[in-house]
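Here come two complexes built around subunit A, the first alongside subunit B, the second alongside subunit C.
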Partner chain A sequence: MQRQTTVMRAVLNSRLFWLIVAAVAIGLMPIIFTDSYWRTNLIVCAINVMLAIGLDFILGYAGQLNLGQSAFYGIGAYVSTLLIMKLGVPFWIAFGCGVLLSGIAGMLLSLFAVRLRGHYLAIASLGFAVITYQILVNWISLTQGPLGIYAIPPPPALQLPGLPIIDFKNLANLFYLTAGFAFLAYLLLDQLVRSPIGETLTAIREDEVSAASLGINCQAWKVFAFAVGSSVAGAAGCFYASFVGTLVPDAFFITESFTILAMVIVGGMGTLIGPVWGAILLTVLPELLRGVGDLRLIIYGVAVTLVVLFMPGGMVQAARFIAAYFRSLLPGRGAGA
Partner chain B sequence: MLSVLLQQGINGIVVGSLYVLVALGLTLIYGVLVQINFAHADIVTLGAFAAYFFTFVLGGNYLASIAVALVVGAALGWLMNALIFAPLRNRGNELLPLIATIGVSIMLQNTMLAWFGPIPFAFDTPYSNDVIRVAGMFFTIQSVLIIVVSTATIGLLYAFMKFTFLGKALRAVSQDRETAGLMGINPNQLIMLTFVIASALAGMGGAMLGPVLVLTPFAGTSVIVKAFAIVIIGGFGNVEGTIIAGLLVGLIESYTTQFLDPGLIDIVVFALLLLTLALRPTGLIAEKREENV
Partner chain C sequence: MTAAAPTVSGGTQSSRDGAVLFRAQGLHKSFGGVRAVRDISLAIPMGSVFAIIGPNGAGKSTLLNLMSGVYQPDAGKMRLDEIDMIGVPAHRRVRYGLARTFQKIRLFKQLSVLDNVVAGFHTHHNIFAWQYVLHGAAFQRDHARCRDEAMGLLAFVGLEKRAQVLAGSLSYGEQRMLEIARALATGPRLLMVDEPAAGLNAAEVDTLLDRIGVLRQRGITVVVVEHNMDLVMKVADRILVMDYGQYLFEGSPVEVQANPAVIAAYLGADFQ
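Let's turn to the complex of A and B:
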């Protein structure tokens, strides 16, 4: 009996177990949801998960309030789409360029803002997002401005040896692709935050001066955090463009940065799993509330405010609280120990 | 050519003086609290709507509606501080209040969207169409009104800060909250007072911006991003710097519209902002604070 519970606890605490659960859950989703409406929402969820964990790496781990995530998202989307549509570059090369350029944009912003902290960084990154948006709107010869770019093809079908052709016109396959990349991004960031790099970033977040006195090159690591987080947003942008098929600058207005921020906060910043749940909840909840009409976005704002006021750890803190409550109800614990 | 330059200069100063009203609120709050209020934008919008409904639904006088917007703004400022900033003050995380105000802003904008709809309101004041002509230039009575009211307000605020006991106490709190507390000043009351004054300025700024802007629930956002640029260019917490930077941004806006392209306004303003941050992060006008750099 005792051994059984220890084994069970070990299994529940192992990362591998939960990663397998997550992979199985991703695999099952398009089987459970067969209509195109919910499959579309699933893809949006996967894209938002990428945006949220990318921001969380910068905000939750390195402690840098970045309100420019919408710009990196937009740069990834526009760079890859323009390469595909104007130059006929193959999708995956364009994808790589989009990710790379978003990452470089992130590095440049943080190199520029390297002396700024807190509120100044927030406003500098907001300024970066405003400028990027205005360039997308005004550079009509390149981006076609508010008219938008239409008929963007989905990713090309994948022909793997020994397997049937995987066609990404099929929403289920497109979901596997985006969710697969979101999963990969999660794994990558998870490895990073568990490595000494994660501790370095956390040290910078907690106290930059002490971190520097321990020999940490704070500026270099902040640039690194921005580069990683913005590349992930760029990848999300590439998938967004090829999934929606049209691009307009309004999709990358500064309010999009706030939406992504809300996902991180509601989920729980400073953990990676929190923003995943936050992104899923804040994507699915408005869809479920569609019947309520305009109320849904009001609820969005109320949720962020209430979370900050009463549960700054977000859903992760709530889950820990509930788990601790049920554990305290278990007989024999506490009294026996 | 000269008359075009002058005409656009005056237009720029009219809009700029409204930006100053909005940006002064941000800078005052930053001065005492070292916090940014994102929902300041929505106080501007709500001020504009309050003035609109007072004038067109209740049939009130437009001048009185500016006072109504001021009161609405003051009440909202009181609420913002009581419900958001005061509870979060001692949490030790400087980013939490900022994020909470983003939440409040999303909530207010969408509440207004549900009430008023997305279609812009036509806010023509009785003074918008009365034109006087001086030396080849045109002024509407509205723009004269804007300059008079905002100059008087800024002057009163300046006098209040410089010469009254409360104003001196307010500056003391913004210089050193703890020492001010030891001198028998209640910092909490002064922070509340700052929020009320700052938001009242935003509300009355909204009442006068309403006819200038496209009045939708999202009108405040376009103003607030410029106000952020202004407070950084002028130096956060620096009242004189904010006034100069606000007028500067107004002038940039009207000259960009005249000589370049209206679509480029935000790019020019924010390029100046980023330049300021790169060269003199404490503000182009004067140095005051250094904790953010």
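Let's turn to the complex of A and C:
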């Protein structure tokens, strides 16, 4: 009995176990949800997960209040789409360029804003988001402005040896692709934050003067955090464009930055799993509330406000409370341990 | 006023005892109209405990901030072991062997006590870049080594039993000791502690004195900024006295205690 509990606890604490659970869950999703409406939402979830964990790396770990995430998202989408549509570049090369350019944009923004903190950085990054949006709207010869770019093809079909052709016009396959990349992005960031880089970024978040006194080059590491976080947003943008098939600048308006921020806060800043849940909840919840009409915006707003007021640690904090409660019910342990 | 006359003599005198680890000449720093540090020169002998004392507002902490690179001086020279420190940012000075604690405690309060110390190993990870993403055997060794050494440092300051609690939940005295452990994690040759005894009770001060003594035996040069005279007299080999941002006197504890200018600064000129 006692040993069973110990083994169970070891399994529940192992990362591999949860990664397998996540992979299985991703695999099952399109089987559970067979209609195209919910499969579409699943893909949007995967894209939002990427945006949220990318922002969390910058905000939750390095502590930099970045409101420019919508711009990095847009740069990834537009760069890859323009390369595909105007120059006929193959999808995966265009994807790589989109990710790279978003990352470079993130580095440039942080190089300019590296001396700014807190609200000042928020304003500067918001300004960056506004400027990027305005460029997308007004550079009509390149982006076709508000008219938008239409008929963007989905990613090309994959031909793997020994397998049937995987066609990404099929929403289930497209979900596997985006969710697979979201999973990879999560793994990459998780490995980074579990390495000394995680310690370094957290030190910067907690106290920059102190971090510098330990030999940490705060400015360089902030640039690094921005580069990584904005690249992940760029990847999300590439998938968004090829999934929706239509690009208009309004998809990357600054409100998108705040939506992503809400996902990170509601899920739980400074953990990677929190923003994943935050992204899923804040993607699915508005869809579930469609039945109540305009009331949904009020419910949504109230829910977010309540979380911020009473659960500053977000869903992760709530989960820990619940887990601690059930642990106290387990036999063989002191009550209220 | 004794003015700036004997500034350089301090340096020559102490270099007699051995090699000089850190040397500063003619440091100036102003904030607006406030001249916080005026024409300060010092030479810190290798392996010594060097104290900087003075009344509140004498510019001690500003001097420490100049030495550690938090501020750059308006004028003057600084050398650590013949390496020019002017213009070198704070984080790079750590790689040359400078470490410090803060008068106003600046721990990572939301991190555990152990993680505070582990963060101090930033400049001492010897793993390849790809290991940060693909954690191999070398990564695991590095990870284990940092935690072992961090626990060793916590034991040194008497906090090994508190390793897992949040740094913010430590008592004031424990937080001061944790700052020292964290600074030691950088592997310094010159450790600068800013008012380490402030807020400590008598027993904690004794532990602090003992630990500083052990560090000195291990060959670490220690700079103590303090206005607790008792502590300074017990621990210091040489003392620099500052007043109103200026040099007042430099010498051994006995010389400092006998110097009329120092007595005047501390007890008021009427005392004479």
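Things to note:
The rule we apply is simple: the second predicted complex is superposed on the first by the 332 of 337 C-alpha atoms of A that agree within 3 Å, B and C clash if a C-alpha of one lies under 4 Å from a C-alpha of the other, contacts with A are read in each partner's own complex, and residues count from 1 in each chain.
Just so we're on the same page, contacts are C-beta pairs under 8 Å (C-beta built on N, C-alpha and C of every residue); 3 or more make two chains touch, one makes a residue touch a chain.
Because the structure is predicted, anything quoted here is derived from the model rather than measured.
In the superposition on chain A, A:Ile197 makes contact with subunit C only, while subunit B stays out of contact range.
Looking at the shared chain after the overlay, A:Arg15 reaches neither subunit B nor subunit C.
In the superposition on chain A, A:Asn138 contacts subunit B only, with no contact to subunit C.
Of the two partners subunit B and subunit C, more subunit A residues are in touch with B.
Once the two complexes are laid over each other on the shared chain, residue contacts for A:Ile254 go to subunit B alone; subunit C is not touched.
In the superposed model, A:Leu214 makes contact with subunit C only, not with subunit B. After overlaying the two complexes on the shared chain, residue contacts for A:Glu206 are found with subunit C alone; subunit B is out of touch. Within the complex formed with subunit B, the residues of subunit A that make contact are 65, 112-113, 115-120, 122-124, 126-128, 130-131, 134-135, 137-138, 254-255, 258, 261-262, 265, 293-295, 297-298, 300-309, 312. Residues of subunit C that touch subunit A in their complex: 68-70, 89-92, 94-95, 99-100, 102, 106-111, 115, 118-123, 125, 131-135, 139, 142, 146, 182-183, 185-186.
The touching residues of subunit B, when paired with subunit A in their complex, are 30, 34-36, 84, 87-88, 91, 93-100, 102-111, 113-114, 221, 225, 228-229, 232, 236, 261, 263-264, 266-267, 270-271, 273-274, 277-278, 281, 292-293.
Residues of subunit A touching subunit C in their complex: 188, 191-192, 194-197, 199-200, 202-203, 206-207, 209-218.
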